[in-house]
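Note that the chains are named A, B, C and D in the order they appear, and that numbering of residues resets to 1 at the start of each chain.
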């Protein structure tokens, strides 16, 4: 992120670079969380190098998720820009009261006399065999909480820029959701590499939404909405639908999950009338439920929709079970084909 | 307003009067509020500070003007002792647009200058620690004061915060008001072991006081604040006290004999005799007129308009 | 609930009677929570009289919501039938980890070697001027949590029988959601009193769903789905739609919120094609989002839908603001009329 | 298996051998596991008990067969000392259908008879209290043993549970394994004050031990269990120990000199000399064959089928 640093090549490098640059630019930025100090640099290494460069501003904490978020909230109330790390998203449950009844409420409840420019980062998601308490995708529980923004990077949207926006340009608390499998993922660019088939339009500034179309293709048959790591699955499904089934899809990729601002999706849906929503969290009351509900309520024409999400089950340790619980490329393909009225093989 | 050496007799008399009037203000404010409730001018609930006035008044008298306070459900007394605007609080409690939070917060959710409160037991404690940390980092010299009831020692996040406050030597004063009840539950049914030992186990300097004499509270608070500010390091003040009113409105299940015995600890009755009759009457007059003015204005004030709710549109309307 | 006791007349009496009867019938039933002892009998009096009759089985606790749920979970793991009370539903946030990562997971994660027959009761909802931290309707955050059932009584479904089912007949953890304004509500019977215009069909046994139709009316124009206190608003709206607008509605009233079992709603929707979902919680990712999403996905014919819910804001202390935040009869009327293509007055 | 008076020399020798073999089983099991990880037969993560074996082995040797244990992320050693089936654990860790939880739980989420574990720090403590309460109410005479690491003293719910356990005099033993690290964080960076004082502040009888001698742990555990069972009342055992392996897999950031010094506390090295060479060799043989058998069967076992997930249908398939 600094002028001299080489351009980052992975999501992890992008996030880590953004943290370095944020701390460099402002003495008000603090990092607070468990095991965030070097040489470890955090369980997923996102805070690597920070404590070496900014020893006074990287605070390793006891194992106290509620107090981590509460303490960071207090810092933010007094004008600092704290970035809290919750080691696994599963442990957000321990900080739920702090997020919902404290950080998110203060600004409104105090009638705009205070604000809480807090960022809470956390890795989520499965596919690493971590079992039932270290693999969940629980951000859905925080979508719609008044006063809280929920943002998720992906490999396409510049992850570091998103994090920078959340820390430096957002005066409200932001829950920043990082899928574990994204960290090692190379950054993507539309029209290049594995996205060579796609062209992208960007809507919004701070937390942009990308609409991806097959370059030079005819009108799309189906719209697929997703965020975060699900984009990795969706883009693979989209390519195989194109190559194997000649089905054209349009992908609408969100970074701001809540509040819901779905205009780009409405626009795509006006073209296709068919919507698949893909996410890694559990199906019921996942992000997709609100997306489908809003589209159903607001569309002039009838909407046909399918959600692809995890089964409403805990995430098992056994890979066979984990795979069968979490959404896969084949599920996205099946949903799109079924909506398009094709035989599902 | 830090601790001074033995004041002159005149200064002591002036201080006595000041402290008395501030306690009286809280007492009469709360009484007025309960009265307005019974008249239907107030809605929701309230937790009066009647009987505990010496704590907040003694403490804030020796706090610095820039110090920060985070209070709980029983916050009116803290707010008034802090110097909060009377009319703005009355209006807030009536849900008026002129309230200190525009009617959004109400009784337990106040923000005024460096004074904050929230109604979830315990949750304010890490937030207060974070405030103390920010002020330490900014080297502002401000102390953060956080209020807890004895019952709130049930909440785990309190201990997470004690650990962090001690580990990082934060300039925070934990004020534990021990009225020996949590709502209707006597302390023997919800607290094991020892209160001071709980703070001390985290390496926090703790002073336990069992008095409702405002002068004694003031002295102890001054020492504790000095410790917190100068080290800086956290400290705890465990203040034995007596709630001389229901927990919220009509919910007093305590035994009559016990309540009667508690009346002996009324801080107004303890401190009052240090003033002359005329001084006390003047205090009553001054408080009455301040409260009348505040409440009359608040009663006349408008309710907030639905339009002031903010931009989020309601669906299907 | 006992053979000799007079039939209860309010929701509160019904719940309290059920607790008495449950404790009488089984020595394994315990009540655990804050301030649950007589003479107080709980902040909303639901546990009144229990500690006098069963002093050893009513446990008043410290103010420790996480430990209340955790302790009750441990009791349930060892074969007791604990009923935990959380004084205000807002404080469920403090027990979120216990509910999501402990109570709800054990049975599945331990491969059916254990079960957690726990009931967590809690009053929710606004309209009493309790302000931002004592008025919320947060059960939506727990809908869809694997392994957790969420049940809500209303004035029509026998509330005591529901609670009895949750305690005595359900081996899984149940979150039992009681709206504060329901307590004083008289129990209703279809075809009688304020429900004299309605006839009801009941689906399901343990946690039944009621479908209410206007007695002797022509086919309904709109289906309204709801639960809990929202039924009070919905039935008032339904009557006024009938009388003032000659609009006929069918009400589908749920008691089991999660897992979602929506067959009776599908059936009604097959008749009307128009769906209004009403709830007191915030709109975004409320119960209604999942209802609308499922109906959209599963209906053969296109579904037209509107949700009526609270604005996504904290609940203010001021009554004017609280009223403007929470859904009202007029909102339900407006949604139904707009779906039916009528001018909204 | 309760505390007995001075045993005969023969009994003492048999006990020595038994304790050694149990510790060795844990040691070799964990080593085998880390090896299987590097061979890719295991997926996910694991937290080995290497270096801490004396705690679980000493403790469970004097626990009753019906006692209940609730363990944490570092549970393999506890499970094996409890008497858990070796093959069922190995299979569980490989995600096999024959695992102790059918492959659903994995390393941190175990249930076997009266042994439970979960992977969220602290959250198990109130659940264990509830178990102890149930057993007290049922008058079963069972003691509940709950394991915590020093780092887990950061979690607030632990203190909620200490308060309740003491208030209700629950038959629960808190076993605090103090290896002075939480993942990579040394205790000086995350713990203020004093560990024993934290328990004592809640009125809980606490014994602190700084030894990795299994015989000493066993004695202290026997006394603590007796206290818990007979009063009944909670007690805490604070066991100083040394983790002689990475926190999970490769994440050891500790200084080499410190690690080398820790090796002096290897409980096998301390207890081993009480056995003859032949006895030790026999123990190695017996453990090796038990582990080979368990792991070979586990490796050959089938993975669970997706169909065993349960009835909840996945959408859109």
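Just a few scattered comments:
Quick note on the criterion: a residue touches a chain if its C-beta (ideal position, glycine included) is under 8 Å from a C-beta of that chain, and two chains touch if they have at least 3 such contacts.
All values derive from a computational prediction rather than experimental measurement.
The greatest centre-to-centre gap from chain D, using C-alpha centroids, is found for B.
Between chain A and chain C, the centres computed from C-alpha atoms are 32 Å apart.
Each chain gets one centre point, the mean of its Cα atoms, and the points for chain A and chain D are 37 Å apart.
The centroid of the Cα atoms in chain B and the matching centroid in chain D are 46 Å apart.
The residues of chain A that reach two or more other chains are 61-62, 64, 66-67, 90-91, 94, 97, 101, 105, 108-109, 132-133, 146, 259, 283, 297, 306-307, 312-314, 316, listed in rising order. In chain D, the positions touching at least two other chains are 102, 104-105, 109, 118, 120, 123, 153-157, 160, 163-164, 167, 189-191, 310, 312, 315. Viewed as a network of touching protein chains, the structure reduces to a complete graph with every chain in contact with every other. Within the complex formed with chain D, the residues of chain B that make contact are 153-160, 162-164, 166-167, 189-194, 197-198, 200-204.
Chain C contributes residues 34-35, 37, 39-40, 43, 60-67, 90-91, 94, 128-134, 276, 283, 306-309, 311-314, 316-321, 323-325, 331, 334-335, 338 to its touches with chain B in the complex.
On chain A, the positions that touch chain B within their shared complex are 30, 59, 61-62, 64, 66-67, 69-80, 82, 97-98, 101-102, 105-106, 108-111, 113-114, 146, 259, 297. Within the complex formed with chain A, the residues of chain B that make contact are 68, 101-102, 104-105, 109-112, 116, 118, 120, 123-135, 137-138, 156-157, 160-161, 163-164, 167-168, 310, 312, 315.
In the complex of the two chains, the chain C residues touching chain A come out as 90-91, 93-94, 96-97, 99-101, 105, 108-109, 132-133, 138, 140-144, 146-147, 258-260, 282-286, 288-290, 292-293, 296-297, 302-307, 312-314, 316.
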